[in-house]
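Each chain gets a letter, A, B, C and D, in the order it is written, and its residues are counted from 1.
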């Protein structure tokens, strides 16, 4: 059932149309001007499969700010670079903390609960900053290689906007530093982190870039080993328990796929041995996840029976 | 690969023998005398498959106190009884709170994070107490039916021991009541809850009893529908994000199966479309999970490639 | 300046009249029906001095439910009974926790922050229950002796109302019990505590009863030693840092007297070496303190220059 | 009784000698090298009275790093500069949070609990930085004027040491900034704050400098109004409920004076209408207060009957 991508194209359009009344249920991220000005009515959906298929609907070829989705390739880079020693500096447990991550970080003495909450991603950014001579370029290069597209770029207006509204992330980074868990200069860590977040990509590019997560670490288009099967497993596990902020449990409960969202409205979901789904629609629910995105991925997972918990 | 249970029998014995140096790494639960007196050197492992196979090694036919594993069938009974209204009284998010669930319960105004932490299981016990005329008998009867064994019993010494050391659970229940989220008398709720926990079963019985979770809700031995496919999915999702206390993320990361442990040393893991693994060994790690049990389930999952995140 | 109580009588009436527009700023406690039905327009004020004077205005001779003001004489009884060993079971630090005491109690492993938050008063109630053969009678008798009035009584409707809405206090008590910090049966502890809270007294009686706190432990009317100078000091210190719930700091900041309020609308303030002020007016501010009461005590303290921080 | 400072001189020496076995009970602050290298055996004590007397014993004329004692004059400067608007940005409640102030700061949305915890003092530093063209010079000048000694200086080695270990304070400042409660650049705020902390003064200077707090705001040596009677009252109230970190309640309970300690080992206590006590001894107890200092101030308060709670 999973492999008949032939008529999925048409279904995607129908699913997208079915969402048109739901855009108003969310709210576009407005903590930085550069995100706030994105139109709330845009939406795209793409599915890429490990056998080479790719289909899409709506604005699936329009670039958006990948934001926290960048935590996934960032994590892969860090695991590749420093191996298991990473897990002495960041945990892999769900956070269970709505909106309050600095409390938990204090509680757990500067060890972030997992690498896909902000504190954890800043820790990963510190690893990359410390272990690459030019970590921002390295990250961009990694994304271009994954996407097979050298035109992928950093949205400078988003980057500048993030930088000038980065106090909370600075607080997290300094708190980790006070516990001895940050090696680089905070300004460098933040600069790397905001660079990651400011990468602009579209649904198709993201879906195809992350196919290795559905294929035991191997990019099926190039046969390049992006990461080990073991680390692929780990990333999918973390995305399953923690990828959707404080809605992770509900997403597992109702959809059942490893996934990661970003406040730019993007959402990627990995279907092991099948492919990757990527949706984009800016209005967010109270958890910071795209309203229409969650609905679309849920609809596709149900239609094709993709859940890993069945 | 999954289906060749033929030579698994021998492997189970080998795996069990390989654990003999690890018993000392854990500590038998000692918060109640009835559990503290169980020998730390006992260990059993059983695997039951949906096609009818069952193999075991060690003390896999010796009954033990199922403790928190009872939260799984308890949840199934409550979902069957009151449907989706259950989810207005209990959430489905990972808790992220080591040892401190009462803090979170206060924080979230009497709504437990999920049904497999203590607060959530007490909420489920309240549902059962309120909606069955004789909920303790109903639970025992449900377990006997699932196991196909009318001899399954309540260990009265464990039950009495729990009752006389139940202050923390009483505090959780009263706190929920203060928020209006408990309907029955607290003494009845606690009595039901401790009864559930005090059921004695062995590894083989538990593995076979829970096969419906690996089979979309249908008991493969009787073809009885135990719960809907949707609710089966939900249970497996909750066990994946929250079943192993504050080690749930690490268990997903390194093993990758929906699972639930109990402080009696039992541990069940569901392999969708394949079967159920049940281990038992009393010494617990700092998270309250069986040391040898986690190792055994991990070894089997790896040997047979059972993870859902690959 | 302090000792001219002669013309204070008239000033009290003026001060009370000046409050008439402020009754609406508060809200009568409604967590139990017996308190909710008290008229919000009642108000009384009394000042008793250690040289034997007593003046009052408004409803200062009308009994009300003393509620948490009972924590003061309860504490004195417990200090007298078990001495310094009390301070191994309860701390003397401000709590700094708005509305969330169960979180702090968990955090600090069952040791209440101080004896005038609910958890601490329940601990004191446990001490009294454990060390008096009839602690409720003993408390009532203590209050009658202090007031020199054998007609002081328990308001049974308040007591019953408290009992049937006592879940949160039960949760606190069970949590302390789970840490081994409660000796008696929880039902007995709660019964004693609610009995204390349900004592009915008027402003004049309360002001006169607590004169020993302004007089180094000696009741100036009888010359009876109620408690040691050292313990008197301690009580006043605790009331100064913690007596007004999460408004204690602000009350010190703006008024500057050891004080204790109750949700029945009562408020007592100790003026060392001078006397005791007691006000009563049911509408409470968001901290649970009487709106008009805080204003009245503040006005008197300012008028007479009573603050201890000058 | 209070005013006979004649024979206090001899008593101070005796009291100091009586402490010689207690130095080992504490631990010199070691979070920065510049403090860690101070000898643990130094100790001084001075008492200055509003009628012009001053006595001292031990190392009472040897300068030390005033550290958090600087929060008191800093607060006075801010109150003088911006008036009551200060209290919209910082609260005046005891914190009740051992070691965990960032948790509370998050909880209360960037409003520090009071101006003498670190977060609150950083807020005050922001006020000074924003409202003085050269706030560091202004602070130093204020201290020199109060002490009547132009030789008071900033210990540059302490300042540099603080700067290079300032991550936790940076985290607090950035967290407040993320809630919109910091106006100046964080680096300026930290620089001001660490400058304040690095002022070196001796016991006699500190005791004399703060006499205005015991004299309704007027410096008794110059008759200069340092702050209003109302603000003097407020400072003393805050020091009474919150000046001794998480030992504030116990200090009130056993000593009974408005006080402030610093991790350099200094401790000042205000005796309204009498004078100021200042002790210095570097080894700290687990709360961060000087072991010998608390003992000395306690002994003097008891000897002279100085407590405000009697």
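Going forward, a contact is a pair of C-beta atoms (placed from the backbone, for glycine too) under 8 Å apart; a residue touches a chain by one contact, two chains touch by 3 or more.
Given the structure is predicted, the values throughout are model-derived calculations rather than measurements.
> Over half of the interface residue numbers used by both chain A and chain B, so same, or under half, so different?
Interface between chain A and chain B is built from largely the same residues.
> Between chain B and chain C, tell me the centre distance in angstrom, where each centre is the average of that chain's C-alpha atoms.
48
> Measuring from the mean C-alpha position of chain A to the mean C-alpha position of chain B, what distance in angstrom results?
Those two chain centres are 32 Å apart.
> State, to the nearest whole Å, the distance from the C-alpha centre of chain B to the C-alpha centre of chain D.
Roughly 55 Å separates the two chain centres.
> Please list all residues of chain C that touch 2 or more other chains.
Residues of chain C touching two or more partner chains: there are none.
> Would you please name all pairs of chains that touch?
Listed in label order, the chain pairs in contact are A-B, A-D, B-C, C-D.
> Once bound in the complex, which stretches of chain A touch chain B?
Going by the criterion above, the answer is residues 91-97, 104, 113-114, 216, 229, 232-234, 236-238, 240-242, 246-250, 252-254, 256, 258, 272-273, 307-310.
> What residues of chain A sit close enough to touch chain D in their complex?
100, 102-103, 106-107, 167-168, 170-175, 177-178, 186
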